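Chains here go by letter, A, B, C and D, matching the order in which they are written, and residues are numbered from 1 within each.
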Amino acid sequence: MSVYGDNIKLTVFGESHGEAIGAALYGVPAGFTIDMDKVLLQMARRAPGKDKTATPRLEKDFPKVISGVLNGKTTGAPIAFVIENTNTKSKDYKGLLDNPRPAHSDYTAFVKYGGNNDIRGGGHFSGRLTAPIVFAGAVLRQILETKGIKIAAHIGSIADVNDESFNPVDINDELIEKLSGLSFPLINKSAEDKMRSAVESARLDGDSVGGTIECVIKGMPVGIGGPLFDGIEGAIAKAVFGIPAVKGIEFGSGFSGSLSRGSENNDAFEYKDGNVVTKTNNCGGILGGISDGMPIIFKAAIKPTPSISKQQETVNLKTGENSTLKVHGRHDPCIVPRAVPVVEAAAAIAVFDLLQGEF
Amino acid sequence: MSVYGDNIKLTVFGESHGEAIGAALYGVPAGFTIDMDKVLLQMARRAPGKDKTATPRLEKDFPKVISGVLNGKTTGAPIAFVIENTNTKSKDYKGLLDNPRPAHSDYTAFVKYGGNNDIRGGGHFSGRLTAPIVFAGAVLRQILETKGIKIAAHIGSIADVNDESFNPVDINDELIEKLSGLSFPLINKSAEDKMRSAVESARLDGDSVGGTIECVIKGMPVGIGGPLFDGIEGAIAKAVFGIPAVKGIEFGSGFSGSLSRGSENNDAFEYKDGNVVTKTNNCGGILGGISDGMPIIFKAAIKPTPSISKQQETVNLKTGENSTLKVHGRHDPCIVPRAVPVVEAAAAIAVFDLLQGEF
Amino acid sequence: MSVYGDNIKLTVFGESHGEAIGAALYGVPAGFTIDMDKVLLQMARRAPGKDKTATPRLEKDFPKVISGVLNGKTTGAPIAFVIENTNTKSKDYKGLLDNPRPAHSDYTAFVKYGGNNDIRGGGHFSGRLTAPIVFAGAVLRQILETKGIKIAAHIGSIADVNDESFNPVDINDELIEKLSGLSFPLINKSAEDKMRSAVESARLDGDSVGGTIECVIKGMPVGIGGPLFDGIEGAIAKAVFGIPAVKGIEFGSGFSGSLSRGSENNDAFEYKDGNVVTKTNNCGGILGGISDGMPIIFKAAIKPTPSISKQQETVNLKTGENSTLKVHGRHDPCIVPRAVPVVEAAAAIAVFDLLQGEF
Amino acid sequence: MSVYGDNIKLTVFGESHGEAIGAALYGVPAGFTIDMDKVLLQMARRAPGKDKTATPRLEKDFPKVISGVLNGKTTGAPIAFVIENTNTKSKDYKGLLDNPRPAHSDYTAFVKYGGNNDIRGGGHFSGRLTAPIVFAGAVLRQILETKGIKIAAHIGSIADVNDESFNPVDINDELIEKLSGLSFPLINKSAEDKMRSAVESARLDGDSVGGTIECVIKGMPVGIGGPLFDGIEGAIAKAVFGIPAVKGIEFGSGFSGSLSRGSENNDAFEYKDGNVVTKTNNCGGILGGISDGMPIIFKAAIKPTPSISKQQETVNLKTGENSTLKVHGRHDPCIVPRAVPVVEAAAAIAVFDLLQGEF
């Protein structure tokens, strides 16, 4: 239902080429002064058109707040905002209703909605719908920061080029601060050229590449979350899989941890400065679904952008025959960099929801 | 809250060494004849003590249905059942409250519940709480089967030994039927010896191993699920992360798909026997959060069993000093085989919930 | 959270004197052609300024649909719409933050939101927030009508002047049709003059009057709803108490039924034209929380408009002293007529949600 | 779904003549010492067989806690308990499946569940299912008391005999204490004889009577609840309508307030001992859906017991002809006294849920 949250509610609406997109956010405490510049910075990180890894469209994703903020402060009413759809070139999408694009929602949405869905720009399934998620996450993140909880992510990999991983037991605030302001966020900047080459090479081939994003939530108090279906993993996964193109998620050592032995994967406890910490962090900061006070770390897999200009095989739903298509229009050969602030936002939303549920 | 579902509700309760564990399941249609033998078969697959990969405890996990079934048929009232805790050896757990076991919920639950949680056998965090999940899943699976939806899983890997993967575009019913009756379910039986060796080797070392489980849902109609937070991936992930020890999940090509190009990862459509199918199935049967009619395929990462008899480093919460412990008691050196029916059950629960939500 | 629904979601946002109010409605089936004139008719019935029973403000509550409708048809995406706040005279509300108006939310909202709430026009607590509810209800009502379910309400009473009640076992479609188009809906038009006199008399006294609204839902299939917390009464009550000024609800014979004996209050069953009906309808069409196929009938109590121009006693929250105030501005001496379409809308929303939950 | 709560979850299960009834309660804080005697006292107040107003059945509604409590203290795990069904005389219910009892759920449940529901004793629709609600409410009430929140109710009326009402602005703790221990709770004991006579007279006629219950929640902090669908009225109504036989609810002056003018119904604010209070309490302690610190007061209408031994008209669903029936078995001529602790419990559950949702 495009609605997230047990204790807060984020309700996203809009279609890519309709009047506007937007969201309403319920459950934000009153009296918080939103730093709107910080919000806009996060939205700018997600916006397209910044460089060659992204589409050359120039969106003006300027959110208009229509409720819940007065003189810069939250009023306690739902925070609602809309972003008008201005720079839309709908003619590019003619014929797509009949010839569904592979790896897009065209076919499944066609069946689900009986052909009534707005196909232009992907409609409600467009990556553009992540803009409201970033807005909401950017607001909640600021509140989390007042509680000492900080969130950052970086490009874990693009194609087969990897960035360094977070040091799971020692992530300093400067790194977090730095990453959360970058458009192409990397721990080790030396990977950037290779990553950009991989993207450019795909673009020249009319193709696309995918990658991974690693995200950290630092400063989470011990004891948040719960057993079974109340666990942090499920809550974050539900939010992160809400981002189009995410096809996998792992916490801590995740899939590679499944190759190790218990004696390696178990994180030994020890006292450090009077606090209980773990010497390693293979559990990604979560034990029994509950935060253990160490950084929460997860990695998300992003599939290669489905829109490619190479010819692809598809079907013609009108004629009932096999068919081919080339996707025209402006598309990102790699959405991984732009997806970084979206993953951070999803993490902020999930974590805020969990914290609101605490007595 | 140990509660799952938007359209149905599964509410799990109980602690490992308390009076009983159990669950109540809301939203099951009336008039369905439950094949209780099939339910018990699934519970037996999860039960410990079958062979050396599992703990030698002999649980008699016999569920007593107390509501919702009359003369073998569902009445429309919630289906509630309890499983008494009989074979408990609580003395093994003395002292754990002070010395939390690494990679267990001992420490996080201690903080969350102020030391009031029932530590014996892991309490509400025990793997034993998956028995009610298997019961519920086994009931829902039978109803799904009447709608042509079949679910099966197999051991994807144990340590570094891999089974074959499902052929993602062609999974025959015999394979599904076969797998869902096995205690050590493999597509290619030749991996069994190596896997058992890896487990036995870890056991002899007082250690443990992890692995992966691959699960398929076949026969899902096109058009189930929805955009953003309503997607199938999030719904299944929420259910599967409800299983203790799961630390990762990926759909279709997942993490490895993030290494590929769009032209490789996109699944071409074609007509086959009048139906739209895809030639490959890298999307795992899900596009835009919605089923595309192909098998839904996902893989879950299972961490190595945290209980090992090797000495481990921990802290003493009473004295505030670093400490060591050896976990005594009866534990599985590998829970992957027993977790297979639990993953199937979680998939059944998630899919049933999604289907109930359709108009 | 200003959010309603288990199977659909209606999320209302906005503040009376902010940028705009609006709502998003999730779960509406795709492909339905909305008759927007009918929607606007319902909104006009709720709008103020029609006659002396209502405030002379001229609101232009013209809803702008920004998502979910393409070429007049629903697309399956959330239906979102906004109504701009244009005709606001915010200076009337100066000083209210310090001197809370009796019977308003001023004081409770002040405490809840720490004085950060937007007090102008009542902010998010304004009766104006019922406009989005009417919009949503008007859309859902059209869909319900295609399933043979019709909803209407009338002014049950204003002050001590009563309209006739519905004949609970025989409500013809013409009556329903007629009532749902009226601004001052009565079964027996002869009550109108007396009602208007009661309102006018209160207005001249600088005072206000309350009343009741009786609502019927005809054509509900047998078997909708459920036991205990899943009952129709609770679902409708939750929606109707969402309307500011509603302070009571009763189904069927309700409070007066509590004075009768079982032999009088029990509704005898009989066959009529091959269908099971009841000879009376004291249960209001609901037995065991489930519809019995007879009209669902309920009555809501509306308190007298809290805004009156008479001097009232209050407190000054700044000085901590007792105080007095006169509420200036434009206010309805009786909101009952305008609340009728809101009650109908709440009923439509509740019933639609219940029906969506059925397998 | 027989499930209540946004922030806690109460999930009720069982059928009157099945193995057992029970419930699970999620979200109770750990470390609370339950006074089980107090819980049993509340259950005894609800239990039948105490005197002539109630059925002579002797139920032994002894709840067996199977989860969530260790050595008398809550562990943080869900509190689950079962009550075995021992004293059932199922032969009394033969033939009811064909001849639905008027004013019962027999007919609606038959249609909803396709005749598969357990008709014996009313199955899941039985008043017996209120026993788990009382248990849960009795636990939560104890926790509320530690926060200074006290709940009590009394018989407002039976047939046309009224008790005094609560003084809405001054309810002393002794009265609350006294009422919550009585089986036939009245503010003014002088009404008891007349009430008992009304019940006895109905009983001798083979008939039944209804009544009302007035309930108070004292000590609620200011600022709990919220606007629109988040209001206290809706939350309490949802819980109270979960009790079979409740057909109406009103808060504060409710329906009679709709007859008054604003100048009478508005509650003037004043300072008293430094606190903001209201001079009257026609709003029932709730303004804008939010608590104002005054006692929350509501009244529920209870229909006359539907089971009467007089001959009644019904239909024979098997033959398709009109029919008659006399309800045999043991039934209460008036359930109002036994419903008092159930209403208190529902209030406790609703209020606890609201409080858990606060930041």
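The rule we apply is simple: a residue touches a chain if its C-beta (ideal position, glycine included) is under 8 Å from a C-beta of that chain, and two chains touch if they have at least 3 such contacts.
The model shown is predicted, which means the values in this text are computed figures rather than measured ones.
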For this session: Pick out whichever of the two, C-D or A-C, is joined by more C-beta pairs in contact.
Result: C-D
Exercise. For chain A, which other chain has the most distant CA centre?
Worked result: D
For this session: For chain A and chain D, let me know how many angstrom lie between their CA-based centres, rounded off.
Result: 46
Problem set entry | Distance from the mean Cα position of chain D to that of chain C, given in whole angstrom | 26
Seminar exercise, completed: The distance between the C-alpha centres of chain A and chain C, rounded to whole Å, is 39
For this session: Could you list the positions in chain C whose residues touch two or more of the other chains?
Result: 1-3, 12, 77, 109, 112, 124, 227
Seminar exercise, completed: The answer for chain B against chain D in the complex is residues 1-3, 9, 11-15, 18-22, 24, 26-27, 30-31, 64-68, 70, 73-80, 82, 109, 112-118, 123-124
Exercise. Quick one: in the complex, what on chain D touches chain C?
Worked result: 1-4, 10, 12, 100, 102-105, 107-109, 111-112, 124-125, 129, 157, 159-160, 202, 205, 207-212, 222-231, 233-235, 237-239, 241-242, 244, 246-255, 257-271, 274, 276, 278-279, 282-284, 287-292, 301-308, 310, 312-315, 317, 320-322
Exercise. Which residues, counting only chain C, touch chain B once they are in their complex?
Worked result: 6-7, 29, 77, 227, 356-357, 359
